[in-house]
Structures are given as structure tokens and as C-alpha cells.
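What follows is chain A paired twice: with chain B in the first complex and chain C in the second.
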Partner chain A sequence: MSKLSEKAATLLSEGTVKMIIGYEQGTERPRPAFCHKPEDCERLIFNDQCSNNLAVYLTKKEIIGEDKVGVVGNYYVIKTVIQLNRENQINLQNLVVMTVDGDDIITFGSIDEMQQYVDTHEPVPNEKVLAVIEKIDKMSRSERWDYWKSELSKCVRCYACRAACPLCYCNRCVTEVNCPQWIEPWAAPLSNMEWQINRVMHMSGRCVGCGECAAACPLELPIGILTKKMGMDIKNTFGGWKDGSVLSTYNVNDKENFIK
Partner chain B sequence: MEENNNNIFEPRIIAFVCNWCTYAGADLTGTSRIKYATNVEIVRFPCTGRIDFMLLLKAFAGGADGIIISGCHPNDCHYTSGNFHARRRWMVFRDMLDFMGIDIERIRWSWVSAAEGAKWADVVNDTVGKIREMGPYTEYKKAAKFLEEEKIIHE
Partner chain C sequence: MSKIGVFICHCGENISATVDCERVAKSASEMEGVAFATDYKYMCSDPGQSLIKNAIREYHLDGVVVGSCSPRMHEPTFRRACSEAGLNPYLCEIANLREHVSWVHEKSEATTLKAIDIVKGVVEKVRRNKPLNAIEVPITKKALVIGGGIAGIQASLDIANCGQKVILIEKGPSIGGHMSQLSETFPTLDCSQCILTPRMVEVAQHPNITLYTYAELEKLDGFIGNFKATIRLKAKSVDYNKCTGCGLCTTKCPQKKIPSEFNEGLGTRTAIFTPFPQAVPNKPAIDKEHCNYYQKGKCKVCQKFCPTGAIEYDKPDEFITEDIGAVIVTTGFNVLKTDFFPEYGYGKYKDVITGLQFERLASASGPTLGEIRRPSDGQIPKKIVFISCCGSRDPAKGIPYCSKICCMYTAKHAMLYQHKVHDGESTIFYMDVRAGGKNYEEFVRRAVEEDHVNYVRGRVARVYEKNGKLIVKGVDTLLGAKPVEIEADMVVLATAGVANKGAEELAQKMHISYDPYHFFAEAHPKLKPVETNTAGIFLAGACQAPKDIPETVASASGAAVKAVSLLSQPTLVREPIVAVVNRCAPPMFSTCVGCFMCETICPYNAIEHEEIKDRRTGKVIKTVAKINPGLCQGCGTCVSFCRSKSIDIQGYTNEEMFAEVTALLNK
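Moving on, here comes the complex of A and B:
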């Protein structure tokens, strides 16, 4: 039994938590695992392939219920927990956040510890994503329009991007509001674009950059690039987003050059 | 595409303005008898902070060739901070639109106070002139009418 499984089994048998959310081996790559009994914990694994952002379950009452749960997550899970806590979406009293660093199991006692971990363990940026952003930046405006129109016209509006995103937790999404109908519900190039613009705008300054939206897309559309680019722009303009959401606050000294 | 008697393209401009500054400013333009282009349709909002970014996309989809967004100067907001919030939103939104290839040159942002009737006339005339040169925003309209225009091929 691995150290991780032992730790998880102890937490369950001691009754500290009612469920452990972690990763187990799937057919092709690791998948989320939910352990309710100590013997379930043998399935738990943790490696570089464990990419799912498990924090998506933490805002879903039908999965975690009212009981205390433990989560063994990767870097992005920790980062998401910090953001969810900032937005008052989770109760830290009912949560044990853990990660695996080499051979050690780290259990976080506070948000400060998580922040420290996140600050010191930044993963290497995805070169592929950066290359595509660079490619699009070099295009002319009409080329960019054609690129996004052709890419997003393939979208079937399954909303997998929304379901996979741990920060898309609204009970009622703007895309389902029909009075007024902001976004047409059927799949057409413009409404697909409007949906993505909305998704990205609502993520502005909040997105942790886990890339789960793009990973979940059944058509492999480059939608993760939109949130990534948005994050880069915000970092350039506002210098990072450590204090929470960028758009729910303001600075009198914000500098722009287009309002005349 | 609308054209006037001389076959010159008449752009359709939608202006989203705040009630307290720009709307009053536009009123002053009228009472001061300053003439300005008639291509603009003004939509009055309580505050620039209320102007949702979706309204811009809806205006373009509904056939607008250009958009004017205007409100109180910074520090003059009737609700203290609405225009500061709006400014941030536009900074983020504008970059996003540009990255997606939507023509941000067709959107004119401005601060027009209740005392700047002449500035409002300038802003409108300037925008109308610029959009007239750019021509109608056909690529966006084409995308908006995609379903109507899509041909069903029967084999």
C-alpha cells in the first residue's frame, strides 16, 4: 500500500472525513476516484498524468454532501481551492486539502500554506498553448476573425467546458437565461463565439489556468487559449490577480489609452 | 446597407450612454443648437457600469456598424465608482475582442460630461466619419445571419 493510500485510509477509518477524492488509474489516463471506505483507498494514485481539476466537485453539494471530505489534488486543485475560498464558495472547516510532493503527502492547514505552495511550485507553461497564442497574435485582424469563426463554428455547445471548470459554479448560467435571450441556444458560429466570449469574460482574473476546459472539449477546440490569453493580458495590465477577482474591484489609477 | 441620396454609405451607430453625464451632455448639444450627424441612436443607461459587454455584441449582431460608449469622466460618477468598474471591464473586454478578431476600431469609448455638448457633437461626427470610411460591418452581420443564409444542400 502506498503512503498516499495509507494516509487516505487512516483519515477514513478515523472518521476525520467521509470521503476522499483523488485519482485512480483509468483505461488511458488517471481519472477521478471517490473513496468512501478505507479499502477503496488502495486504488489511489498520484503522478504527473493526474491532470483533472478535482476542485470542480467541491462546489457540488450532490457529490460532497454536508460531510467533511478530503481531496488529494495537483497544483491547480490547490490554486482553485484558494480562489473558491476567496469567493466564499467552500467551507474550509469541512475540507482536508492534500497533495503529493515526491514521496511526501502534504496536508495543508491554512490558505496561507496553500498560497505558499502555489507560489513555489509553479508548473512549466504549456509551450504548445504559448506557440498558438503567438501565432494568432501575428495574424491580421481579419485573419484572427476567420480563425476563430472557423474554429468555433465546430462547437456543438455541449457545455463540457463549463462542466469541467471548477470556477463555473453558477446555479443558473447566463447562457440559459432566456428573458432576455443573451445567447442563442443553438450551435451557430456567432452564438458559439458569444458563448465563449461570455465564458472567458466571466473567468477574467479568476481563471487558474488548469486548462480543463480545453481538455474536456470533445472537438478539441482551442478554447483554453482564450482564457490563457485573457490571463496574460490581465497580468500585463493589472500586474497579476493575487487579491481576487479583477473585475469586481477597481483602481482609480487604472491606465488605459482608448477612452478619449 | 443604407445609402443616402448621393449613394454614400450611411452607417448605423448605437450609442450607449450614462444618464447623468453624456445623456445630459447630448441634451445640451441639442439645446445649444449644435448640429451633428443623425446616424446615432442613443440608448440611455443609469451608469456606464450598467453597460453589459453583451449589449455591444448584440448591437453588432443587430446590424450596428459602430458603437459609442460614453459616460462620466473618472471621479465624476453619480454612483461614485460605476465608471471605474466599467473602465476595467472595457480594458479586459477590448483586448479579448481584438484577440478574437472583432473590429475594436468600430467601438468608440469616450468620457463626455453634462457640460460638454460640443464634445458630444464632435465624438458623434468623428465616429460617423470614421465608420463611413470603414464601410458596413458585413463580416459580423454575415455571421449573425448564418442560419438564415445557410444553404441546405439536397443530394
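Moving on, here comes the complex of A and C:
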């Protein structure tokens, strides 16, 4: 039994938590695992392939219930927990947040510890994603418009991107507001564009950059780079993610170098 | 189907000169949901309003669109008219056909079409408008007056005499302000103290006025009707309950050479001091900066001599919090000192003084007991020169404005001098004589014709000392710029009136605006001269701009009426244009997810947390945002920020605005 499974089994058998959310081996790649009994914990694994952002389950009452749960997540899960806490969406008292670093199991005692971990363990940026962003940056305005129109015209509006995103936790999404109907619900180039622009604006300054939206897209649309690029712009303009939500805060010392 | 009435106003010719009003009305009558449409020359006139009222009754209208001037102008007028005809006033909206159409476009087909489009948009909005009711907020029936000069005194007395409670705070040890320093007042030459001190005493004795001297505003929170003021009561080192004001301490204090602020440095005072004999309260305070005990750790002479044991050293400043309904700011002004003027000797010549210093020399309570004696050697000056506009009206000195009071007080000074020194010779250098005001021009003429004051129109280039005389070099521009040189015994500068030190800081504490010279800004220079842009905070006196006594007193009474009219209402009635978080059926209760990002963005701190609880168990089901309607100003920042669109502004809901915009876009 691995150190991770042991630790998880202990937490369950001691009754500290009622459930552990972690990763197990799937058909092709690791998938989320929900352990309710100590023996379930043998399935738990943790490696570089474990990419799902498990924090998406932390705002779902029907999954985590009222009891204390543990989560063994990757870097992005930790980062998401910080953001969810900032947005009053989780109760830290009912949560044991863990990650695996080499052979060690790290259990976070506070948000500060998580922040410290996040500050020191930033993953290497995905070269492929950066290359696409660079390519799009070089396009002219009209070329860029055509590119996105063509890409997003394929969208079937399945909202998998929304479902996979741990920060899309609203009870009623803006796309479901029909009085007035701000965003048209059917799949068409313009309304798809409206949806994605809205999604990115809503994520601005909040997105942790896990890329789950893109991974969930059944049509493999490059929607992950929208939020990625927004994150980069925000970092350059307002100094980054640490300030909470850039859209809802104001600082007299904001650089404002985007106003020309 | 809605029954909207559309009323297109010609605004005389303001709208009809470029817009075909009849056609707009005709097009409007064909719009969906419109039951009645007409045009009229002056909709805001009495017959115009009757037209609207009659149509509401006759056609049972459930909404009104008036195509007229800006809603800033007549929205209240038309809403009142609708309300009088039994229609909820918030079902009436203005389509701005003047500022948005006729005033900004030439007469053309397109102009009329634009007017029709705007009317159509507003009709679509009004079709979705909901009746709203005004919000009532309780009012704390107490006013705070900041500054105990004549403006503060007048405002406090006026409010108190209306039966409302007043807290008057004054940063110095006595009320009275600059007026208590003045000798005699233009244009009647009555003694300043004689008319002021009875009012000071009245303030101290008035049952409705609580006076805090040596006190400053530390913080102001809250909003109109419901402010919370934190006041710093600076330690006076004297227990006023024990002190009888006998003044023994002030005669015994060993520090006797401190320049007296009240005498503008022309006299001295002690470290424990009462600023002047008629001070209110007439009890001393210790100036810690000059007190031997506070500076060197020993002395305590005052404590030894005090017959009642009132001296208490080392007491910290006290802080009190008061609930306040309205605030009047009367912090006054100051005048530049002589050291501001290099050309007049940088303040190094003792006999070059400011107008305020001259007031002290001429005052019966002053350091010379009212005799005009020059500061250097106490001689009576036989030749005296007054220079007006020192700093004022001089953009090069950063003071482009006119200080307004100097022309009059300089005439008065020259007159007083001539009355007291019969063989004296006085000269006034002036740019213009501005004597606008009741009996002001007559007063100046009297100085020239009866008291033979020599008026010379021209600027003074330089003043310097030579053989014990002050050489004043100027020109007489009415004699072809002839150079004039006067050997004077004393020179009086009418230095510019400037904002008080710390005015900017105080304005920021209260969130009121101020001009580049740090004078406080009124909400409208003509029609709201004593209001600020922050509701519930009023201005009076020279903190707005230099003002003379009559004008200061008038503005103080004006501000007092504004405050009283607020405080005398049972509750504060506010426009219901505030944000509201939605509610829906359980188990969701509200689409608000409680991320509280609106809380960080709200500029008015109006967002609170509300716990939705299970009625039986009391368990918290959900925590959602709640907007305090008393604090909300309806700016809409939270609405645009809310991701799930759970917040709406009443009267400007998402649905209403969407309908209006869509109508404008879909021709």
C-alpha cells in the first residue's frame, strides 16, 4: 500500500473525514476517485498524469454532502481551493486539503500554507499553448476574428467547459437567464462567441489556469487559450492573480498602462 | 397589452425647430402598446401637464413617455403630474429629445427619425416598468457644525432655535473665529466684538447646542440622515468642571513670550492661556508645544497656583462618536502672511503688516488698546500706505481669484486711521475698487471725500527700508504711469484670502469636493450654493471662497435651513432607484451564490450578508448578498459585476434596459 493510500485510509478509519477525493487509474489516464471506505483507498494514485481539477466537486453539495471530506489534488486543485475560499464557496473547517510532493504527503493547515505552496510550485508553462497564443497574437484583427469565428462555429454548446470548470459554480448560469435573454442559447457562430466571451470575462482574474475547460471540450476547441491569454493580460496589467478578483477590486496604484 | 401615453413637447422651438414633433407623435401612436400620443408646445406648462393628467384618466394609461428636455430638468415635474392623476410616478419616463436630439443635430429627416427611435426605446422600457415606492430611511435629529466662527455660530443658533440639536466643534480653544479679531466692521463701522460676543454667549448657553472646543473631526462615516462622526477632543490639560476661569494661572505661567495667534503675532500670551478676554468658553487650555512641563518635564506652576485644582497634565486626547443627521462645514479661511511677498520684504520689515494685523492694532481689545502704533517702535505712523490685491488676482502667484473683502476693509482701515490719527496721511494703491454691496460704494466714497484718503490706481513694485522709513515704489496709472515714491512709516498689505490649512484633508475625510485652491465646492454655484455633492453635508462661510460678514451670515442661515429642512422630516424619503438581490423559490431561494465580489466592488459599502435559514431548524441554508437601501446610491456597479445576474436596479432592471436597447437596435 502506498503512503498516500495509507494516509487516506487512516483519515477514513479514524473518522476524520467521510470521503476522500483523489485520483485512480482509468482506462487511458487517471480519473477522479471517491473513497468512502478505507479499503477503497488502495486505488488511489498520484502522478504527473493526474490532471483533473478535483476542486470542481467541492462546491457540489450532492457529492460532498454536509460532512468533512479530504481531497488529494494537484497544484491547480490547491490554487482553486484558495480562490473558492476567497469567494466564500467552501467551508475550510470541513475540508482536508492534501497533495503529494515526491514521496511526501503534504496536508495544508491554512490558506497561507496553500498560498506558499502555490507560489513555490508553479508548473512549467505548456509550450504548445504558448505557441498557439503567440500565433494568434501575430494575426491581424480581422484574421483573429475569422480564426475564432471559424473555431467557435464548431461549438455544440454542450457546456462541458462550464461543467469542468471548478469556478463555474453558479446555481444559475448567465446563459440560463432568459428574462432578458442576454446570451442566445442555440449553437450558432455569434451566440457561441457571446458565450465564450462571457465565460472568459467571468473568469478574468479568477481563472487558475488548470485548462480543464479545454480538456473537457469534445470538439477539442482551443478555448483554454482564451482564459490563459486573459490571465497573462491580467498579470501584465494588474500584477496577477494574488490580488483576488481584479474586476471587483480597485487600487490607486494600478498601472493602467492599457489606457492610451 | 399596455396602454402607454406618449407626449411630445416642442419646448417652444427648442425641439420643434429641428424635429418634426407632430410626426414623432404620429409614429408613436402607431407603436405597439401605445394607446395615446400627442404633441404640445410647452408640456411642462400647466395646460401641458393637465393634458397628461386628463389623458391618463381618459385612456386609463398605465405608462407615460414624455419626449422633452433632459430628465434632470423635468422628470420630477412630469412624475409629479402622473402621480397626481393616480399613476405610479415611476411608470413615467423621459425620452430626451432636446439634449440628445434637437440641440445636437441640424434639421433633417434623420433627426426626426432619431427622435422616433429614442421614443420607441423608452416606450419599450416603460412597458416593462414596475410601480415603485419611495424608500423611507430614519433620520438622526442632530446636526454637526464644524468650525466656530461667525458662520458656525450663526448656523448653530439658527438650527438650535428651530428646536433641533446641534453639536458645534471648534479646533481652537474658543469660538469666535476671525470675526472676533476684527476692530470695526464695514460699512456701518459697528464694533465687531460688540455684535459678535452676545452670540458667542448665546451658543454656550443654548440648551440645544453642545459645544466642543479644542475638538476636531476625526472620521465621518455613514450617509445623509445617518452619519456617524468620530470627534477628537484634544486634551486641554484643564478640567473644565473644576476650572472657574479666574485666570490666576495665566498670570503665573512663566512662559510669557509666546506670540499670540489672536493678536496675529503683535502681542504675546502665556502657555496656559485664554485667547482673548471675551472667549467662550472663558477657560484656559495649555498649549503643549510651549509649556515648560510638557517640553522640559518640570514647572507645574499653574497647578500650584490653581485654587480649584483643575490642572490635569498628561491626559490623552479623548474620542467620542456621535450619530448625526446633517453636517454643516464652516471651517473658514485665512490670509497670506507678509513673508509670502519677496517684493514687500519677505516679512522681514516689522512695519509691513497684513490687514488682519492692522485690525488688531485698530481694535480696542488689541495689543495697543486701539491706538494705531507701529510694531517696530510703537510710534504713531504719520504716513501710511495700504496696498490692495497682495497676491489676489495674480495668476503668477497662483491666486487668480479676487479675495473680495480687501477693497472694503482697506477703505475701512484708511478711514479708521484717519479717524484716529488726525494729522496722518494715508494712501491706498489699488487695481480696481470693487464695492458691490449694500452701502458699500457710499462707504468708499466717504473714505475718499470725507476722510481724504488718497487713492492711487497702480501696483507697488517694491517696498524697502531706508533710514527708518519704508520706501514704497509704485506707479500711478491714471497719470500716465507716472512713478510714485512714498516714504511711509507703515505699510499694510491686503493679502489674499486663502483656504485654511488642512482643508483638503478635511474634505477627503468627508468625501466632499474642493477646488484647486482647496476651497470647498458647492453642488451648483448658483442654485445649490450651500449644498455639497455629498447629500446631507452643507457649506457656509469663507470655507467656500473669501466672503464678508453679511454674506457669511446669509450663507450660514441658508445652510441651517437646509439642515433643518432635512432634520424636521419624520423620515428621509429616498428614490427607490436602488439595487436589489433577487429571490426565487426554494431550494434555491436566490440565484445569488454568495461570492460577495459585489461587496469588494461597492463604493458605498452597501452590501451586507444575509443568512437564509430553515424556518424549523434555524440552520443556515445559504448566505446571500443583501443591499442596504439606505446606503445604496443606485450606481449599478454590482449589477454589471454580478456573474449570475442576480442583482437588479429598481427602475433600471436588466429586463427594462435590454428591451430599450433592443428596440433601439431593431429598427
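Here, the second predicted complex is superposed on the first by the 251 of 260 C-alpha atoms of A that agree within 3 Å, B and C clash if a C-alpha of one lies under 4 Å from a C-alpha of the other, contacts with A are read in each partner's own complex, and residues count from 1 in each chain.
Everything that follows uses one rule, which is that a contact is a pair of C-beta atoms (placed from the backbone, for glycine too) under 8 Å apart; a residue touches a chain by one contact, two chains touch by 3 or more.
Note that the structure is predicted; figures quoted are calculated from it, not measured.
By the touch criterion stated above, A:L219 is placed in contact with neither chain B nor chain C.
Of the two partner chains placed around the shared chain by superposition, chain B is the only one that A:M193 touches, whereas chain C remains out of contact. Touch criterion not met for A:I63: it reaches neither chain B nor chain C. In the superposed model, A:L247 makes contact with both chain B and chain C. A count of residues in chain A touched by chain B and by chain C gives the higher number to B.
In the superposed pair of complexes, A:W182 makes contact with chain B and with chain C alike. In the superposition on chain A, A:A131 makes contact with neither chain B nor chain C. In the superposition on chain A, A:C158 makes contact with neither chain B nor chain C.
By the document's definition of touching, of the two partners only chain B reaches A:D146; chain C does not. Chain A uses residues 174, 182, 247, 249-250 to touch chain B in one structure and chain C in the other. Only residues 87-89, 169-174, 177, 179-180, 182, 202, 244-245, 247-250 of chain A touch chain C when the two sit together in their complex.
Of all residues in chain A, those touching chain B in their complex are 136-137, 139, 141-149, 174, 182-183, 186, 188-190, 193-194, 197-198, 200-201, 204-205, 226, 229-230, 233-234, 237-238, 246-247, 249-252, 254, 256, 258-260. For chain C in complex with chain A, the residues that touch the partner chain are 588, 591, 593-598, 600-601, 623, 641, 643-646, 654-655, 658-659, 662. Residue ranges on chain B touching chain A, taken from their complex, read 53-54, 57-58, 61, 74-75, 81, 84-85, 87-103, 109-111, 139-140, 143-144, 146-147.
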